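So that you can tell them apart, the chains are marked A, B, C, D and E in the order they are listed, and the count of residues begins at 1 in each.
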Amino acid sequence: MLASLSFNNISCERDERILFNNLSYECKSGTLLQVVGFNGAGKTTLLHTLCGLRQPATGQILWQAQDISLNPQLFKQSLFFLGHQTPVKGHLTVTENIQWLRSLHPAPSYTSIQQALIEVDLLAYADTHCHQLSAGQRRRVALSQLYLTQASLWVLDEPFTSIDKAGVAKLAQRLQQHTERGGIVVLTSHQPVELEHLQSLDLSRYQPSLEEHIAHG
Amino acid sequence: MLASLSFNNISCERDERILFNNLSYECKSGTLLQVVGFNGAGKTTLLHTLCGLRQPATGQILWQAQDISLNPQLFKQSLFFLGHQTPVKGHLTVTENIQWLRSLHPAPSYTSIQQALIEVDLLAYADTHCHQLSAGQRRRVALSQLYLTQASLWVLDEPFTSIDKAGVAKLAQRLQQHTERGGIVVLTSHQPVELEHLQSLDLSRYQPSLEEHIAHG
Amino acid sequence: MAELNEANTGAGAILSRDMRLIWRHRSDIVNPVIFYLIGITMLPLAIGTSKQLLGTVAPGMLWIMAMLATLLSLDALFRTDFEDGSLAQFQLSSQPLYLIVLYKVLAYWLSTGLPLTLMAPMLGLMLSLPADGYWALLLTLLPGTAILTLVGALGAALTVCLRSGGLVMTLIIMPLYLPVLIIGSSAVSSAVAGFGFDRELALLIAGLAIALIVMPPAIAGALKISTNQ
Amino acid sequence: MAELNEANTGAGAILSRDMRLIWRHRSDIVNPVIFYLIGITMLPLAIGTSKQLLGTVAPGMLWIMAMLATLLSLDALFRTDFEDGSLAQFQLSSQPLYLIVLYKVLAYWLSTGLPLTLMAPMLGLMLSLPADGYWALLLTLLPGTAILTLVGALGAALTVCLRSGGLVMTLIIMPLYLPVLIIGSSAVSSAVAGFGFDRELALLIAGLAIALIVMPPAIAGALKISTNQ
Amino acid sequence: MLLAWQWFHRLGSPRWFYDKSSRWLIWLMPLTLALLATGLVWGLAFAPIDAKQGDSYRIIFIHMPAAVVALAGYYVMAVAGAVGLIWRMKLPFMVMKSAAPIGAVLTALTLITGSLWGHPTWGTFWEWDARNIFMLILLFLYLGIILLGSIYPSRDAGDKACALLALVGTVNVPIIYKSVDWWYSLHQPASIKFTGESSIHASMLYPLLICVVAYYCVFSLALILYTRHEILVREARTQWVKDLSQLPGKNQGGAHAKL
């Protein structure tokens, strides 16, 4: 797996307010990047932008040295995204949910769903309807995709929310494994994360200065 | 403030499966109790039960030495509960949301809403509609009630979710302050919490043994 | 810190919050009314524009459409409160739950049933409702929509935890709506025919009185059942 | 670990997931049908039971109620997907979004429009629809409900991020529904009057063909607009 | 070619439009007033009395042009929306947003004058006539777009959503027009048919035509003023708008800013 992701001078706005500005960063194969910042700094906005769900106000996002808006189809094939919300349907069983989430990226996988269920410790709940799960268990259903996806870029918005200690350790191990194989992980988390070679990008440092604020409005 | 909360031998079930069993605990004035357990251990279920939102399968919950189902009105006046979900309306502004949350417990408060907004660092957003807030900011809107409520028993289900580091520290300080004044706090959290005199109740230890399982089902 | 802030009295604040929420969703105030307007407008297109035919079906259709309009957005009455945890807050509030419920229903009616009622005579004009029917329409819809809202709120409360609640609710509630519909439309018809409609009006008002007493606790109970599982 | 698991092809899996979801919500399959049933059943109660009158209004009422039934649960089509983040997953899927949309609409129609259509002749019987109208009803409702679903899905996509989406959707979609309603009900009327309904049927089928081409990309665009803010 | 392209892109610039339109207003305003005055005074005061309807027919000078321009307004709105969507420009969206309420008002005016006219001639305020139905539906289409635009949480998204809806509506408008007309002839043989042409003599036709042109001017004028207002609101944070407000006397556009 050879991957490279870079932000070139991007800035993002919300309701005409600049959140951050002139953000440039380069992630090579094997990068594990944690985006940090206070509540409302724009972490989620940045993650959405780099997935192509939003357009940046200025600047470009390059994947394999190519702007992501040029060949979105190719980019999507190498992307796995998980946001604040948990895309899990209460009325389907755990297995069914995992199946359809996986079907959105129809690529062969080396792990079976059974195996993924074991990894996230939900084997006993395989046929339980998801609205009967606890908060953390629902989250685990979505996280099981990390064991099934073939994507090389993982973008995770607070993946550790609601997950217990053992689960967090397991998850951290999986992220480490992915980067060791050459993948890239971009995540946000307010919890202290124990991961090796973790790079950190502090959004607070890219806030527009006061003059820029005034110039812009 | 003199408060006392005790569980007498309670057990809870979900879909006829016993989650925990024979749980007894006593919280005196000034107790700060963290309920811990793996995902699905039954923390949320326990918290709902002790608020009176669910009935325990067996056992009693005593508030000021009286069963809470005997005088629910009195109990509710001394209770503040915040669950996994954030009871914040996207179409109201931050101030409006705080006002109505407060109005559910019409007791005089010594703090103004303005003051509460400052405490949760949302003063700049006072007139912003809540659907324009980030995940952590929404959560803060709900948490602002901690500065307004006069209740002596606080029951908080993962109050630190989505909150940034500075926010967690501030919150911890507030909880400490409340217990120092004689209040009781019962909370769950998977994050390590830095609080003094924190007692911990591990639900895993109250799981039914294998025999009980067989006997029951 | 020193000053002591009086909190607004609870139930009143719920009403004001609900009115404010409704005002924020301005579209919701307008919408059942517009649904009504459009529903009635479509009628001549579907069944033909003969004045005589329209005049004959007008009392019934004005009532059926009013019912459907009231019903339409009712299922969302507690849905968002359930999903964002507000319902648990209501239950744990020091205010009695049935009072909170009553205020919610009132806010809903003020923003849906009332404008709908005031709208009705104009739509009657469009359907060439005979002149005698207007007062009957106005006076019966007033208590009628209130009953429909109270009864519908019960359905909304019972189905709040079901994902596909909207239509389950329709099913549960429709049979309960029938008497109101029958009485209301026959009041208008008999007014049009030149007979009085006192009896029907009295029945509707009595029904409203009963609903006002019975429904709020029933709805509160249904909410407790729905959330406590 | 060694074995390589073929993932089901994506869009087909969405359809099967949607069918499964719909099956889980079984009430939803039954419900538009029941709404239809109840709506039509109430009609004689509201406008009177004269067979001749019912027969006259039957074509129009059967169409209006079919339209309302289709519309009723449509606003939930993308709502849950939006709220639980599935919509973002759809957008980031390697499948083209319009294909996913098309399958979702298809699943909806198979579980709502189709049974409704099959239901209609029976309800026609209850309203004493003259015998000539049955085939016209069946054959026009088939493409008709499909168009209504496609157009309604656009409304649902445009209003998915709005809290009070359901009724806004009604408002913006109703005018777009009118031609279908007019053509459909006049087809049945003219069949009842003994004229043919080929022209209307041809129009509806042409309309469906256009909608099938135009709508999926439009809906996909609307979804992108709704989420990208 | 290159020049044309540049011009096209400058069209997308709100500032360019704001500067240019203040010059257009200088001649458009008097022209509109003159046309309107001529048409209405001629029509309402000097045109001959209709043999059948007496003076009530004079409503046509308000009614018919309003109807014609209301329909045209829909297409202006839709085309502006399409341009905005395709070329991602801000200005067309502002034009679209401004056209909707103007069109809605004109539609409502048609309906109101029509039903006022209907009272003496048809003996009823409302008749399910094909054109009446069409007008009513047009009103709904306008209202739908206004509503959608007003409740969208984000302005950009709201603009795009409105544009999409207006575009789909464009396909629908002729269909409604046809189906209503066609359906009408099928269901109800014209019991009360008002054939406009027959009652219009040249002496009425000329003022009517002037009125139509005048209404088009009114529409353009209102559209420009509304768009200028929209520009000021939306661009309030930019430097050039701030400069404008600091020198209110220098730019006569400042007066319209308060519209």
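The definition used in the following text is that contacts are C-beta pairs under 8 Å (C-beta built on N, C-alpha and C of every residue); 3 or more make two chains touch, one makes a residue touch a chain.
Keep in mind that this is a model prediction, so the values were computed, not measured.
For the two copies, chain A and chain B, the CA superposition rotation is 180 degrees, given to the nearest 5.
Set against the Cα centre of chain D, the chain with the most distant centre is B.
Spacing of chain C relative to chain E, judged by their CA centroids, is 37 angstrom.
The centroid of the Cα atoms in chain B and the matching centroid in chain D are 45 Å apart. For this pair, chain A with chain B, the centres built from the Cα atoms lie 30 Å apart.
For the pair chain B and chain E, the distance between C-alpha centroids works out to 57 Å. Contact with two or more other chains is made by residues 25, 27, 34, 38, 45, 48, 80, 163 of chain C. Residue positions 15, 84, 91 of chain A are each in touch with at least two other chains. Looking at chain E, one finds that residues 137, 140, 143, 147, 151, 153-154, 180, 183, 187 touch two or more other chains.
By the touch rule above, chain A contacts chain B in their complex via residues 14-15, 37-40, 44, 84, 121, 132-137, 139-140, 158, 160-168, 190-192.
Taken together, the chain B residues at the contact with chain C in this complex read 48, 51-55, 73, 76-77, 79, 81, 83-89, 91-92, 96, 99-113, 115, 129. Listed in rising order, the residues of chain C touching chain D in the complex are 25, 27-28, 31-32, 34-35, 38-39, 42-43, 45-48, 53, 56-57, 59-61, 63-64, 68, 72-73, 76, 80, 162-164, 166-168, 170-171, 174, 178, 181-182, 185, 189. By the touch rule above, chain B contacts chain E in their complex via residues 129, 131-132.
Within the complex, the chain C residues that touch chain E are 25-27, 30, 34, 38, 41, 44-45, 48-50, 54, 125-126, 128.
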